[in-house]
Amino acid sequence: MPNKTDYYIPAKFFVERDHDRCIRCQACVRQCPYEATFYDAIDDKITNIHANCVNCKRCEFICPTDCITVIEHRSKFVKNHTWPDDLIENVYEQASFGGIKLTGMGCDKKYPVYFDHILLNASQVTNPSIDPLREPMELRTFIGRKPEKLEFDKHGKLATKTHPQIELATPLMFGAMSLGSISYNAFKTLALAASKLGTASNTGEGGLHADFYPYGKTIIVQCASGRFGVSAEYLNAGAAVEIKVGQGAKPGIGGHLPGEKVDTLISTTRMIPEGTDAISPAPHHDIYSIEDLKQLIDALKEATEFKKPVGVKIAAVHNVAAIASGIVRAGADFVTIDGFRGGTGAAPWQTRNNVGIPIELAIAQVDTRLRDEGIRHLASVIAAGSIRQSSDLMKIIALGADAAYIGTAALMTMGCTLCQTCYTGRCAWGITTQNPYLTKRLNPERCSERLINLVKAWSHEMKEMLGGMGLNSIESLRGNRLHLRGVGLTDTDLDILGILPAGRQ
Amino acid sequence: MDCRLCEVGCIIEHSPIKDIIKAFKDKPKAKTPDSAAKRAAAFGVSPNRGMLSRTIVEANGPLQLSAMCRHCDKPECLHACITGAISKKADGRVIIDPKRCVACWSCIMACHWGVIERNEGEGVKHSHKCDLCPDRETPACVDICPNSALLYEER
Amino acid sequence: MAYVIIGNSVSAVACIEAVRSRDKKTPITVIGDEPYYAYSRPMIPEYLARIESADRLTYRPKSFYEENGVETILGTRVIEIEPGKKDVVLENKERISYSKLLVSTGAKSFVPPIKGGGVSGVFNYIKWDDVKAIEAYLKENDVRRVVTVGAGLIGLKAAEIFAYMGYDSTVVELADRVLASVLDKAGSEIYREKAHRCGVDVKCGTTVSEILSENGKVSGVILKDGSKIECQMLVIAIGVVPNTVLAVNAKLKVNRGVLVNARMETGLADVYAAGDVCECRNLLTGDTQAMPIWPKAYKEGYIAGIQMSGGKDEFDGIIPMNSIEFCHLPFITAGFTNLKDESGFEIMVKEDRKNDFYKKLILKDGVLVGAILVGDAVNRAGIYTGLVARKANVSGSRKYLLRDDFGFVYLDRKYRDMMFTENPK
């Protein structure tokens, strides 16, 4: 029977179907996990419940005759700049359910994207450009604490003792996405690709499943506030340890894995009961001061016999520079800054869209602050939070980052269409779900190939851009603000970013 | 992954005009259920407009399998056929000649993989199975599968 | 060097195909007592009823023999095998030498002596010539009713066809039900009902004790209970026995059928046997017995051919299996299907009699040992055949076995992996 509610929300999307081309194969019916597609055997027609459609585009993907087009629903509220449709609907829903509205992926609101206002340099005439097809281009990056100076003995061998590093073939790693927020197959895709590429993936809060220990040399293991799956073996299995204090998508609160996504596999890996919500506490309950953090860093270094870099991940918030400084002084070998546009499997909608600051500004400030204090060499700075293309990566490195994580882009190579319904555990692409019927669709062999292609493509583009700038090493770009210019930015923006406006020499 | 595009690909390849829309053009509903309708009823899936694909997709929750003829070196079906309608070609394919088949179903009895089916409809009654797409380099089902679930290898 | 094959049916053909896969040169001679190239005996009822033409009965055409370099001597009997001289002697006294000999003389009709026999109008129903004789008699005589003795796979079919052709048709069966050798009580009941609807008068639990005649032609029969049926033709379709007279005379080891080892060797140097004439191992019971089914004849003939041409292959045995259609309703059986005593076995049944659907599975200690599949239950029947033949333990899949969509996704991983990732047999 039709459900009568106290409010009316028009469906967001409409599934348009060319019935002349539809062959009733019902692949779309079987592939839709949102109960939006059905087969009517009596009339021999495929029908849709448009209100249930989330525009994941899985049906469009699978349809062998391309007869499906999912479009925005035509029915909208009266045009109102102050009250756009989603805010109206949010009030209706909260009036009905009295709860927190959840969402997935990164902030989709129209805040300025600073990457789109920054331009890179290129060489002309003076300081000629380098042809990356003819000259070697160094993209290799080392994450870890660097010594103050290098000293050599009388034979020319390095005398300075160096701290443990992770060597990356390219300054791009795969962001922290826990087994639980994503499926085993998705996690495997990241691990496989990182291993083949010579870069790193990150366990996120969900622990490291036994099957992935062989990939440990290229996995950064995370120690988050819930301490899910953290044991001595776990810490030593990875290439580095990252203490997760915050996450860009939801600064100030802990991770959230809805109970629907906690099946036997997740339960065993995280060491929690099946079906229970896995909510990480907001703070680490043993870290209430910077000294506490230092103690944890020291403890982790001891537990890993000082053989691995130990770092800290924080969300980009208002006083991120001061926090980063404190973290570095507390002994962290690397600091990960996660901008407010970073993705998540589940976060409150309000928090995701309104809390935190852009990564571009955060990195610029952190880099400047650490350099000013003369401690920039003590820790690598890693950026995260919607790095969407190779030029974004170039820009964030020029603003001061040593390397960056990609999360959203990595998932997109597995098919993600950014429909933002990860928290439902019904991901039609088998990425952010534990439902075996759905996770089967994600083939780690095929998808890791795609992810490797992406990273190789970006690396190649970076080499082109570096060469274009007359640089042959990514190290030369690191923190080199002079290679950036701003367009359409205010003086304050330019000042915070530490870059000149375009046109200024 | 239960998309059953292998069945669709198989049907397109074995249709007279190898075009997906034309292959599936509305077919008049038969008076009594034909083989395709019966298979659809048993498996709870699309009757594919009355066309019987030569691969059978099995599904049990998250476990799915697309089963078709293995073109065995020692074909049980060939051993059992009472009219010599089944033969092994030089390229290794095991083929049923529908013109010689007398619908005794001995091949269906004999095949341990259950990949031979009865094809019964208006004016049609013979055994039916994968013929390894003689007009293609790789079989249609292998080409269309979006998840690399079907592998075509020399053994 | 010459391969000689006595008999020209399934095993002979398989032997030729096997030999020629290894040896394209050495001459092969086939001697068949019937004047035909290999044809399909199961199809003779359809021939009689003009449902199928002579061409459709062909198992292998003349071109098969020509292309494979096989000399055929048809319509001639072999009367003796002389292993000392390595000769076979034909009825016209001609001698054929062999270096390797295959005895594949098949089976012959089992005809018990009946009081009043020896008159015209009484026929066997095994060979093409049998139905050709029936055809001729029907043409020459005013036949109104045909009585068929035996309601097994051959007899019931014969009776059905006579009814189809428009004759009054009665079938007389000694057992208490039709198809008693292959079906259970429920299955037999389905087909008794079907036979009745197709115009066959079925009489079980009795047999013909006397044949009545007029002017030297059959005019009726008297049954065991004394009742009389008027008829103008009598067809004997009680069963077949291995045609072993040649083997016996050549002093081969013979039980009911010729005894051979797994390599189809008879024990006599260079003499092999295959097909309905010989016995094989029943994979279910371990016993050696006659098993006159088509796939067994082909496999044995093929293995004999491989061995005869210097290769190596062995036959482990086979399970009983049948596939046939009566009155437009097909059934397939595999394994134990007509158990007298079902205690000790686990029985699973699914049926929908209104739609002629009957599916019965018989398990012992978690292993499938028998399947009766009637009507739409024949779909993918071979999966069950495979489970029986391979003695697979299906105890984990019990609740799925009767499903209409039963398949490998309902069986354990080990079986599925073995069947799909290993090389096919």
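Letters A, B and C name the chains as they come in the text, with residue numbers starting at 1 for each one.
In this text, a residue touches a chain if its C-beta (ideal position, glycine included) is under 8 Å from a C-beta of that chain, and two chains touch if they have at least 3 such contacts.
What you are looking at is a predicted structure, and each value in this text was computed from that prediction instead of being measured.
The chain closest to the protein's centre is B, with centres computed as averages of CA atoms.
With centres defined by CA atoms alone, the chain at the far end from chain A is C. Per-pair tallies of C-beta contacts place B-C first. Chain centres here are Cα means. That of chain A falls 69 Å from that of chain C. One inter-chain figure worth recording: chain A and chain B are separated by 45 Å, centre to centre, where each centre is the mean of the chain's CA atoms.
For the pair chain B and chain C, the distance between C-alpha centroids works out to 28 Å.
For chain B, residues that reach two or more other chains under the stated contact definition are 64. Per the touch definition, chain A reaches chain B in the complex via residues 20-21, 23-27, 30-31, 39, 61-62, 64-65, 435-437, 439-441, 443, 445-446.
On the chain B side of its complex with chain A, the touching residues are 1-5, 7-9, 20-21, 23-24, 45-46, 48-49, 61-62, 64, 144, 146-148. Interface residues of chain C facing chain B in the complex, by the touch rule stated above, are 13-14, 40, 42-43, 46, 52, 56-60, 294-295, 298-299, 302, 321-325, 330, 332, 334, 376, 378-383, 385-386, 389-390, 400, 404-405, 407-410, 416, 419-420, 423-425. Interface residues of chain B, counted against chain C in their complex, comprise 38-39, 41-44, 56, 58-60, 63-65, 67, 70-74, 76, 78-80, 82-84, 100, 102-118, 155.
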